[in-house]
Amino acid sequence: MSQSPSVYKELAWQGLWKNNAGLVQLLGLCPLLAVTASITNGLGLGLATLLVLVGSNITVSLIREYVPNEIRIPVFVMVIATFVTVIQLVMNAYLYTLYQALGIFIPLIVTNCLIIGRAEAYASKNPWHHSAFDGLMMGLGFTLVLVILGGIREILGNGTLFDGADLLLGEWAEALRIQLFSVDYPLLLAILPPGAFIVMGFIIAGKNWLDSYRAARAEQPQKQVTRARVTAQ
Amino acid sequence: MSFLTALIILGVLALIFGLILGFAAVRFHVEGDPIVEQIDALLPQTQCGQCGYPGCRPYAEAIANGEEINKCPPGGETTIKNLSELLGVEAKPLDAAHGTETVKKVAVIREDECIGCTKCIQACPVDAILGAAKHMHTVIAHECTGCDLCVEPCPVDCIDMVPVPVRPDNWQWDLQQIPVRVVESGNE
Amino acid sequence: MTIAIKEIDSGQLWNFPGGIHPPERKQLSNQGSITPLPLAQTFTIPIKQHSGAAGDIIVAVGDRVLGGQPLTHAGLNNGLPVHAPTSGTITAIAAGRIAHPSGLADTVITLTADGEDTLVTMPPLLDYREHGRSELLERIKQAGIAGLGGAGFPTAQKLALQRPIEYIIINGVECEPYITADDCLMREHAQTIIDGIEILLHLAGCDKALLAIEANKPEAIAQFEQLLPQHPQIALRVVPVKYPSGGEKQLIQLLTGQQVPSRGLPLDLGLVVQNVGTAYAVARAVLAGEPLIQRVVTVTGEQVSQPGNYWVRLGTSVADLLAHCGFQPTPTQRVIMGGPMMGFTLPDLAVPVVKITNCILVPSHAELPPAGPEMNCIRCGACADVCPAQLLPQQLQWLAKAKDYDGLEQHHLFDCIECGACAYVCPSEIPLVHYYRKAKAEVRQLAREKVKSEIARERFEARQERLEREKQERLERHRLAAEARKRAQAEAVAKGADDPQDAIQAAIARAKARKAAQAAAAAKQSDDESNV
Amino acid sequence: MGDYLLLLVATVLVNNFVLVKFLGLCPFMGVSNKLETAIGMSAATTFVLTLASVCSYLVNQYLLVPFGLTALQTLTFILVIAVVVQFTEMVVHKTSPTLYRLLGIYLPLITTNCAVLGVALLNVNEQHNFIQSIIYGFGAAVGFSLVLVLFSALRERLAAADVPIPFKGAAVAMITAGLMSLAFMGFSGLVAVP
Amino acid sequence: MIIKSMQRNGLILTAFALIATLLVVAISVLTEAPIARQKEQELLRVLNQIILPEWHDNDLYHSCTLVSDPALGPGERRVYRAELAGQPTATAIEVTAPDGYSGAIHLLVAIHADGSIAGVRTLAHNETPGLGDKIELRVSDWITHFTGQKVNGADDPRWNVKRYGGMFDQFTGATITPQAVVTAVQRAALVAAAQQEQWYAAPANCFPQQAEVSP
Amino acid sequence: MTFKLAASPHTHSRRTTQQVMRWVYLALLPGVLLQTYFFGVGVYVQILLALATAWLAEAAVMRLRNRPIAHAWQDHTAIVTAVLLAIAIPALAPWWVIVIGTLFAIVVVKHVYGGVGQNLFNPAMAGYVLLLISFPVQLTSWPLPSELAQLPLTFGDTLHIIFTGFTQAGHNLEQLRMGVDGITMATPLDSLRQDLGQAMTLTESLTKPIFGSLGGIGWAWVNLGFLVGGLILIKQRIISWHIPGGMLLGLLIPAAIYWLFHPDQAIPPLMHALSGATMLGAFFIATDPVTAATSNKGRLIFGLLIGVLVFVIRTWGGYPDAVAFAVLLANMTVPVLDKYTQPTVYGHGGRS
């Protein structure tokens, strides 16, 4: 446990940026592209995914030792499905309009590749508190992308930001709505399916550019891996 | 809906599925993982250890267990590309922390300086060095993989790594590298 | 695959896909007759001038040699000897310029001529039909004859295989612009060529030869039309002007309608293709005993004032050759060995004329402007339209850039004959052929590396096994030593410590055991290290 | 008959699962580097998707609905799918090593392909009958395979393109998918969706 | 061997399935009531917009009856009957316009007892955002233009978009969507005129209904 | 003296990419001139706007990539893209329409892929489709052919309406598009589609003034103009006949069959051939070498595919004209087509 802080730091760095689920691992793309016509939808789905991710990571990590390999996947997806159904029911009960807006993508959180991916790749090999934190960071990273993508698409395609935030956050949030500009003919493409892909492509390119820019700026103190010797010296 | 029907139905369903999978797991059990062999076949077999593993095969095993594929400098881009195709993962640039892809080299022992200590023989993973104790050693050039593991142990520093000579028959059609402009023409 | 003998005999011609019509510019060099080039002072003779292994050098520096004397001895494989082009002294045997696009050095023999030009020949075999097949083949081999048409494949070896041959095709097409060496040879030595063809027919054991000449060589055609009626075995085929109808595979398709199977040989169709120059050289070697020490070389281009065809001794440097032709170099002069389509530029003029050198081209800037900047391929397909091998050059180029070797394989890179037709028409001025050559070299290199890595692995594994075995043996020794010590101690105890002999024994045993233990420990340590 | 054909056309082209409905995108991006692997993935997905569509229809129609357990749909469907996939994998692994080599690493991926669960859920939502469910599952799979194969061939060609560095890899692939989706907009309105 | 593996896998999977089911069922029982309430409130919110409170004093939500008429769309449709002091005042009908630009448009159409339109709202649609979605009140007030209009028979020329000589605006660039809505409302009004009386006679038979999983 | 090493061949037939592109935009001239005659000088304004945008965009991209700007300009492909996009959109569309479209075409569709020759989709058509789905109103508001126009347009008016949306006299585009009968007129294909959709018969619909003799007033002539230009390109061996031939066959054969069976509900084949962007598409757009199949067999299939798609979308789809969509859809299939239509290579079993 002595190295824990650095473990957490590394997990945060991986989840939020370096190995971001949406931008780098390209997991969970379906909801990522499908529901991000507005920033509100993105945020809502991001938070729902985050909850499921943390929950499933913890659970999987706790049960990992009791599950034989052959039924590993069925059990994991069942765990996830339970969480999703629960969240779905709760949203249906208390966030009805948002639930309607997100449509089929709520039940589809089950198959969000991100969740099963983390369960397999991380939670099934690590203790629960690390897994929980990993879920949190991966989920936040994912939400971040959802929000950015939603924001860009909403601005381009609608000229607004936080349109319909009240659906997610309650009446008060109506005040959040920002009309950035109002043209008669917004760039419809941005909120249509092709726009989702293209804007996403540009976001990924932006991240790559930032990374290479930073790499160029920081004259990296190259870490050198020690060579293994095959033979005697 | 009632608790009981739900529990019974799902329980029975899960039981059946579990039985099926349990049956299949044994009935259709397959031994062994041929992927290591396939990976190993793609590695350059230089045995240089730059990947951080003692030899190519251990690295192949590590890759099969999820290690990154971009750690072998002697293999360079070609190997990474082949591995990425074999494993269906994205090709990444070579991890500079392990070194960079350089021109192929061979070891050459400056024979007049060699004191015959046999240290290099022990170091060479492919037995490419010939010689007996207290006698001059030489490198069999075509067996040498250029791993440079023999350089460090040599107490008198008489081993050089020199680029593999380019001959007309292994020339890579690199017109830019021909020393034309250096060689002046005959009739001037 | 059987060839349609009836149609072929009736004189039918087929066509091959693609092909181009670049400006011919042959009149530049085909006006006069073939002039013997005055002897140069020094000759540099690369020991490898054909496709195959070089022979072993059988002369030493300082030796005096006569013209026509072999300088190397051909080995068993596809080696060929090279001969002294004239009499003189061997002054160096070292790495030097060879006629290769790489400009890299290889072993060359330098001969300083004595100016007397004393030649030796082998005994003529005028009644060659009386001599054995193997004797004739040996003569052709000893004369150092390699195909003079391009690839320089040893002629004797082409004919050595005992397979039924339907036709010998004599390639007098000379489709590449500028070059007129074969043309002039045919005009002046038609009879010798016919003799050579007869010898080849005799060797091949077949009775039909097709002599193909492109329609733009009326004088050569006239010569043969006049002579051939006396030689019913040889049929003349005048083929339409199109580049590259002189390519072996294309010529076969033109004359027989058949395609040489990929990776196969013309022999698979019962065909052998020989250049007219080769036929001439065979005739001279058999009927006059002359080894191959000179050939016809076209010197042409606007930067020489006396273009034409010359009899040039092999080993003459391009500088000496050009000096006789009124060479006026421009600042960025290109000197091309070979024609404009398939030749290569020389890194300097020290390069010698060799067996496959058919042309030295020194164009002015205006007549063959250097290629413009390479632009991106626009996939216009012009290249595919002209490719005689029906390849997709743009695709190959793309794959070569991507280093997709599997894709290159699927697109049959190795069926490209490097004719350059594609690059000739490419509007984006992409040096396509260059990409293919590079890619081919890379593929070959990869194959070599693959073999090498396989060997390395085997050696590594063998070594590991050996080390393991040695370790086991050491441990075994250690165990034995320990046992011996124990035994010795036990014996010592049993005997009482007062026997000095025993004390010494025990000490020795202890020392031995300690050494063994140390060795074992060292071995263990090194193992530990290697397992990091 | 005509209706079924229309449903097929509509699922394959007009409402293409990947480009219009945004389902199954992860494998679409993930296993489209090489044409060969894409074809393998297509075959595997087609098999599993059709089978899962049928199985989940049966489970839903004969177990969940009669007993009023519709809240358990997601749970049950995903269980069915996971088991179908797992079972297929094991069987293929044993019986046909060559096929397994081809499909091996893609089969587990299919479980987490949301297209599969999507088909099951959409079948319920759109109240498809048995035959419609089969067609819908098959159509979705064909649509997936079609764009996956085309996309991977496009990406193979991209491999050598001089793409600006930040766009290399996933970014340009996304944009390509976007342009494909743009092209697929041409099919909109072709078949009226009920 | 096989038996053991089967037992083990079967039991573990069953155990997990049981726990999962238990959880899901428990939550679904707990949320059943709020969900139903949410649905009711959502519907009521819309209902109250088009049938103003001064037009009724009965429990609109529970005054629902099921009818079926191909002109209203496939399957059973809900009709909410408003009464003021026991007198029929208006009905709100679920209507589907099948011919929207991208699929069916689901509407709620309220019609006064005198045949005039009390109000129309869009419940669900897939029209293109920015073009066809102007039928949502959130986006534009176009849908309110129906209020107060009357239908004079099936071939009333005014019941069309302006481009085809009607009285309703089309949207620039999108004629199909408004046209679909207009004709659907027109059909609903005609059906209502013919059947409203029967509807009031029918029993309130919409509830209890089973919880649906998705919209 | 130093020698320059070069790879063979050392000679080259001198038709460069630039010359190829020049032929293409010169061959567009007949069609463009006719289009200007019928739809006004707005066509030129659009072309100029597109060219300016394209050049600036290429320059900007080259700057960002630290490459010489001339590198992108010298091949003239951007000119072809810009001109094709400009003549594909209505002559009086607002200025920002063509600017957005050209930017998208040049930056996203062409240079994100690395520039000339590397793009997978036809830039001009991708730009057009972007505009069509983003601004359907502007993209379908074709001005009336000059013979039918109520209000004559001066050059000043044209500029005014493109940049401000109103003529100098204050008319907006909608008013300009009003026909004699006071009803806004759509393009021939558009109005046919709507009329047939409204259950009118073909003969009824064809009585509208927009339908002249063949493919609609003006449109038929413009198509013939492009046909002439296309034939010049074939003559010059810039394009081969396979793609245009395939596309026309793929369009006309199904159209004719369908028309025979539904004579009064289908667009007649001749109308298919001479209206919309048929000829432009067949000879100039589908033939874009970069995004088309390369072997002749592949080209034929590629053309046929486009033709059939145009027919299907025109007949049952949601868009009046479908050349752009069809071309993009066919672009997607090119790598696969190329892969499976390789000619038999010498020595691999083919016969001569």
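Chains: A, B, C, D, E and F, in written order; residue numbering restarts at 1 for each.
What we mean here is this: contacts are C-beta pairs under 8 Å (C-beta built on N, C-alpha and C of every residue); 3 or more make two chains touch, one makes a residue touch a chain.
Which chain is which protein? Per UniProt: A = Ion-translocating oxidoreductase complex subunit E; B = Ion-translocating oxidoreductase complex subunit B; C = Ion-translocating oxidoreductase complex subunit C; D = Ion-translocating oxidoreductase complex subunit A; E = Ion-translocating oxidoreductase complex subunit G; F = Ion-translocating oxidoreductase complex subunit D.
Everything quoted here is computed from the prediction, not taken from an experiment.
Counting C-beta pairs in contact across B-C and across B-D gives the higher total for B-C. Among the remaining chains, E is positioned farthest from subunit C, on the basis of C-alpha centroids.
Of all chains displayed, D has the C-alpha centre closest to the centre of the whole protein C-alpha set.
We define each chain's centre as the mean of its Cα atoms; on that basis subunit C and subunit D are separated by 54 Å.
Look at where the CA atoms of subunit C average out and do the same for subunit F: the two points lie 52 Å apart.
Taking the mean of the C-alpha atoms as each chain's centre, subunit E and subunit F sit 44 Å apart.
If you average the CA atoms of subunit D and of subunit E, the two centres end up 32 Å from each other.
Contact with two or more other chains is made by residues 68, 71-73, 75, 79, 83, 86, 90, 121, 125, 156-157, 162, 164, 167, 169, 172, 175, 179, 182, 185, 188-189 of subunit D.
Contacts with at least two other chains are made by residues 1, 6, 10, 13-14, 17-18, 21-22, 24-25, 27, 47, 54-55, 125, 173, 175, 178, 180, 184-185 of subunit B. In subunit F, 1-7, 108, 112, 114-115, 118, 130, 133, 137, 318 are the positions where the chain touches two or more neighbouring chains simultaneously.
Residues 68, 70-73, 75, 79, 121, 124-125, 188-189, 192-194 of subunit D touch subunit E in their complex. Those residues of subunit C that touch subunit B in the shared complex are 98, 100-104, 106, 317, 319, 322-323, 327, 329, 347-350, 403, 434, 437-438, 441-442, 444-446, 448-449, 452-457, 459-460, 462-463, 530-532.
Subunit D contributes residues 19-26, 28-30, 71-75, 78-79, 81-83, 85-86, 90, 108, 111-114, 116-118, 121-122, 125, 164-175, 177-179, 181-182, 185 to its touches with subunit A in the complex. Against subunit D, in their complex, subunit C makes its touches with residues 376, 398-399, 401-402, 404, 407. Here subunit D touches subunit B in the complex through residues 31, 33-34, 37, 59, 63-64, 67-69, 71-72, 75-76, 79-80, 83, 86-87, 90-91, 93-95, 97, 105-106, 169, going by the rule given at the top.
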